[in-house]
Structures are given as C-alpha cells and as structure tokens.
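To keep things simple, chains are lettered A, B, C and D as they appear, and every chain counts its residues starting from 1.
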Amino acid sequence: MTDFHDAPELAVSDWFNTPEPLTIAGLRGQVVVIEAFQMLCPGCVSHGIPQAQRVASTFGSDITMIGLHTVFEHHDAMTPVSLEAFLHEYRITFPVGVDEAAGAGGMPVTMRRYGLRGTPSLLLIDRAGQLRVNAFGQVDDLVLGARIARLIDEPVPDVDAG
Amino acid sequence: MTDFHDAPELAVSDWFNTPEPLTIAGLRGQVVVIEAFQMLCPGCVSHGIPQAQRVASTFGSDITMIGLHTVFEHHDAMTPVSLEAFLHEYRITFPVGVDEAAGAGGMPVTMRRYGLRGTPSLLLIDRAGQLRVNAFGQVDDLVLGARIARLIDEPVPDVDAG
Amino acid sequence: MTDFHDAPELAVSDWFNTPEPLTIAGLRGQVVVIEAFQMLCPGCVSHGIPQAQRVASTFGSDITMIGLHTVFEHHDAMTPVSLEAFLHEYRITFPVGVDEAAGAGGMPVTMRRYGLRGTPSLLLIDRAGQLRVNAFGQVDDLVLGARIARLIDEPVPDVDAG
Amino acid sequence: MTDFHDAPELAVSDWFNTPEPLTIAGLRGQVVVIEAFQMLCPGCVSHGIPQAQRVASTFGSDITMIGLHTVFEHHDAMTPVSLEAFLHEYRITFPVGVDEAAGAGGMPVTMRRYGLRGTPSLLLIDRAGQLRVNAFGQVDDLVLGARIARLIDEPVPDVDAG
C-alpha cells in the first residue's frame, strides 16, 4: 500500500551529546530528523547545521534531531577530535554520530546505506521507521516545517505489530 | 468546545490582482493566509511581503493568500495609486485589498475588527472561518510552515451546518 | 590633462532634510556622494539606500551625502508627499532632492543631464566639481570605501582659479 | 614623530598557498593585510574569511593578503592537516601560515607578539613595516576599503634608510 521503505539502521562509531547510542530501531514511534553533514563542508556550515539547530529548537521533544557526520573526503582532516571541537564552537547540542568508516577512505557505511548524494543531506523518518524524505542540498524552511508537522501528526503505529 | 472565534469580515475599498472582491464568508472551506502590511513599513518590505510571496509559491492552491493594505499612518503617502505601483515593482501577484478607511485618518476598519497591533501582521484562518493565528512582527518560516500544513490537513467543515 | 567632466548642476523641485537648496556649484571644495533612487525601486530599498546610510555615517562631515529622487516611472505613485513618508519610515536624515520633472512623465532633468541608466545609481563628485564615478546597480562597499577615501584625500582646489 | 610601531615578525611553522615563506621584513615596501583566524571559529568562517577573500580579489596586487592560523584553543582539532582541507573546501587561495605553537597549548608566538585579543583579528601593515591597524571582531567593509586605499597611496619608503 505504500512506496516508502524502512529506514536503514545507523552505523556509528562515535557518539557525541548523548549518554548512549541511538538506533533507528530504538527510535520507532518517534519522528526522526537527521542532518547528514561534514564539518568542513561550507554548505553544511552556512545552511544545513543552522537549519538543524532551528528544527531542534522549534519542534523540541516532538521530534528527535540527530546529526550524522558522514565523512567521505579529507578523512584525516575531520576526525572525531576535530568534530568534537566543531560541535563545541558551533554550540550544537543535539546528538551527533560519526558515520562508520568503510575500509580505506571513501563513503562511510550509513551514507552508503541511505544512498546519500553528498552533504548536506536531510532525512526524515516517520514514527513507523520509514524513510520519508531524503533531500540533498538546500531545503526551504516553509517546506520543511510543513513536512515535519505532518509527520508529527501521523498516528503512532502499533509497535508490536511493526 | 473551542476557544477560537470567527474571523471578522473584511472591509475593503479597492482590490488588486483579483477579478472580484474576496470575502471571509466566500472563502469558507479554504485555508486563508492574510498578510497585513503597509507599503512604506520597512519590516513589511524586508520580512512580511517576501514571506507572503514564499507562502504563496510554496502552498499554491492549498491556501488562499491575501494581502491587506492596512494604512494607519501617512495616509496621503500610501494611496491606492501608490500601492498599485508598489505591487508592480515588487511583483506581488496574489490578491491585495485596501483596508477601508475609517473617517479622518487613524486605524482602518478591518485592522480594528481584527485588533491588529501594527504591521506586518500575519493572520491564519481555518476552513471553518475561524481566526487561528494573529501574529504581529516576525514569524519564523519553520513555525509558519507547520501551522499552515496543519490547517490544510484539517477536515473541510460541512458548510451547510456552518 | 584630465578626462573628467564637470558634474552637471542639479535640477531639484523639492528638498527634504536641508534648510536650503544644495547646488553642485555651492558644494565646490567638498566631496559629494549622490544616491539616485526611486522609493519604489526594490534594489534601491534593499541595497542603494542602506549603502548611502552607511556612507553617511561612516564618512560624516568628510563628505556631503545627497539623495536624489529620480522618478522616471509611476510618477503619480512617488510624489513628494509619498517620498516624505518614505524618508521618515526609513529614517533617512541626509538631504534628499526631488529631481525636476520634465514635461509629461519620462526621465527627469538631472537624471538626463547625468545620463543615468536607471536606479539605483551612485555618483561621486570630487572637490573640483568633476564627476568621477557614475555607477548603475550594486557597488561593492570595499570598492566604494576606497574610492571615497581617495577623493577625500585629494587636495582642495583653488576655488578662485576654478 | 610617529606613534606607530614596527610590526613584529611572523613566526610560522607551516605555509600553504605560497612557494616560499613570507616575512614582514621581506614584504617591506608593500601593504600587508593579515587575517588572523581559527578554522573552527564561527565568526572567522562567517565574517573574517569572506572579508579577506573580498579584500584579496578587490585590491589584487596592490596589497599582500596573508592568512594566519592562530590556534589558541582546541589545538588537536585544528592541525595543519585539518587546515589544509579547510583551505581547499573554502577555496582560500592567498598564502596562509600556521602560527608557531608555544610549548604546551595556549597562545601561539605571533599572536602573542601582536597582542591579539582573539579571532578573527585584522592587521594592516604599511609599506614601512609599521602596524597601522589591529582590529578584533567585525570590521566594516567601507571603513576597511578606505583604510587599505590610504595605505596603498602612501609613498614607498626608501628601504635602505629604513
């Protein structure tokens, strides 16, 4: 009855701003917003990250905001040590996971699972764990606000029947 | 069962960008977004009007976007003749009504009916004709997108029973 | 010895923000910055006017900042009455002259004398009364700051010998 | 006869975008603009670096634009490896030097010599090698354009007599 697919599970090697790892499975029942970024990607710094911060402050506990550091270039330049300082300097307080590296450089695991085309990318996952939006580049705030509101308003699925 | 009130009727002396006058009564069943502005109000020109244009292009026929020129100061400077040139220069294509003047200067009729505090003001009216948002000043796009989406998703009321 | 031409005299029908009319001749010895604008020109409101205000506040008495309302379209919409309200709302405090209308509509007198291509246009006149810059559209602040500083630093000509 | 001081010499451990190291002594006779920044300082990324790029493209060979990476916090996060990727991603093509670390963390050598208060800081050095501007935080483009133009227009000193 639907064309949506289950959102792939996250593969994360390090977490920041969360006491314990987050999983797509564990977030079933919640609306999940994922901002996939690289700390040295200009479009992420000027657009994606500020928008993620606005989403987090606007929708609060109605959504779960997650940052995903999907390093697919300059791997030595964007280590978790550098990311931690970046999160501190840019005052990012939502959970951020480091996408698991896949062998020698190249695209990390989660990025490949979701078929991301680059950074920034914005992912919206509904309460049933389905991937509903996978947008590369700039997303308009009006459009995003509408999409998130509608996902929030969808009924919580019967988890046992999931 | 509800705290919302019926949106007061518009009192408009001149219309632009519409072949015939619009009324709140006649728009029953539709989501109506009204941008109340003055053409010489800097905050309207830099924020309110561009946001109204984004709303119109983003939501298209899912809403009815209306501009309301609520002149409460410098009346001689913001006549319909000046407004028409303003609409042309700023490429405003949604319907715009001139709020009816009330005697010698001061606050025009519709502005008073809605209790607007100034310009820009944003009004959201639901499909049942109820005033749901009356916001003075800057409104965030994420918040606005969410509010409009939710009004769009509300069921169309049984007009006969209205 | 120079390719510069004397700046044409202003033809102004109304002045605002000045106790007496200003003339190019009377400003000999000073660096004059003229912002030619129309109050309903979007590029003037978003770029030209704010830049003129920055120039006035940055260079203070080292220059004479003048606004010139060069109405070449929508004449009935941009009368001196409307302009006065515009100047009040946008808090423009430097002298502004209304370019003298030339017959039935069309390009006003000063605009034609200077060969302006449209609005906004920025004019720089040196201490000797010569037109040194006549720029249509957006001018970069770094470039403009440099040009103005150099004109300020030019020696004051011997007026008697002018 | 002057209150200006000689600009301290640079202490740089790594250079990017230049075939050989630059020194204040070697740049005698030129106007030098130095943007002191940290790659993870938000104000540097949003304001200082873009302004430095505008200065470089506006004034070209009339000045020597230098970036100085003055890391005084998060040292492990902003290594030369990370900086190199940053310069690539942000398309910074003017020479950038890494300010020499001083022992275990803390303020680097050049930063201390110049008494910088933080990042971004903008330094202007005249043709005689004197420090003329040492500005912390945001600098206005109009003001900066004027300052640089005036330094460019100062006579080249007799280097032998320096």
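The criterion applied here is as follows: a contact is a pair of C-beta atoms (placed from the backbone, for glycine too) under 8 Å apart; a residue touches a chain by one contact, two chains touch by 3 or more.
Since this is a predicted model, take the numbers as computed values, not measurements.
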Rounded Å distance between chain A and chain C, as computed from the means of their C-alpha atoms: 51
Taking the mean of the C-alpha atoms as each chain's centre, how many Å separate chain A from chain D? 37
Could you list the positions in chain D whose residues touch two or more of the other chains? none
How would one label the connectivity among the chains shown: line, ring, star, complete, or other? ring
Go through the chains and record each pair that touches. A-B, A-D, B-C, C-D
What residues of chain D sit close enough to touch chain C in their complex? 54-55, 58-59, 140-150, 153
Please name which positions on chain D make contact with chain A in the complex. 40-42, 45-46, 73-74, 76-78, 81-82, 84-86, 88-90
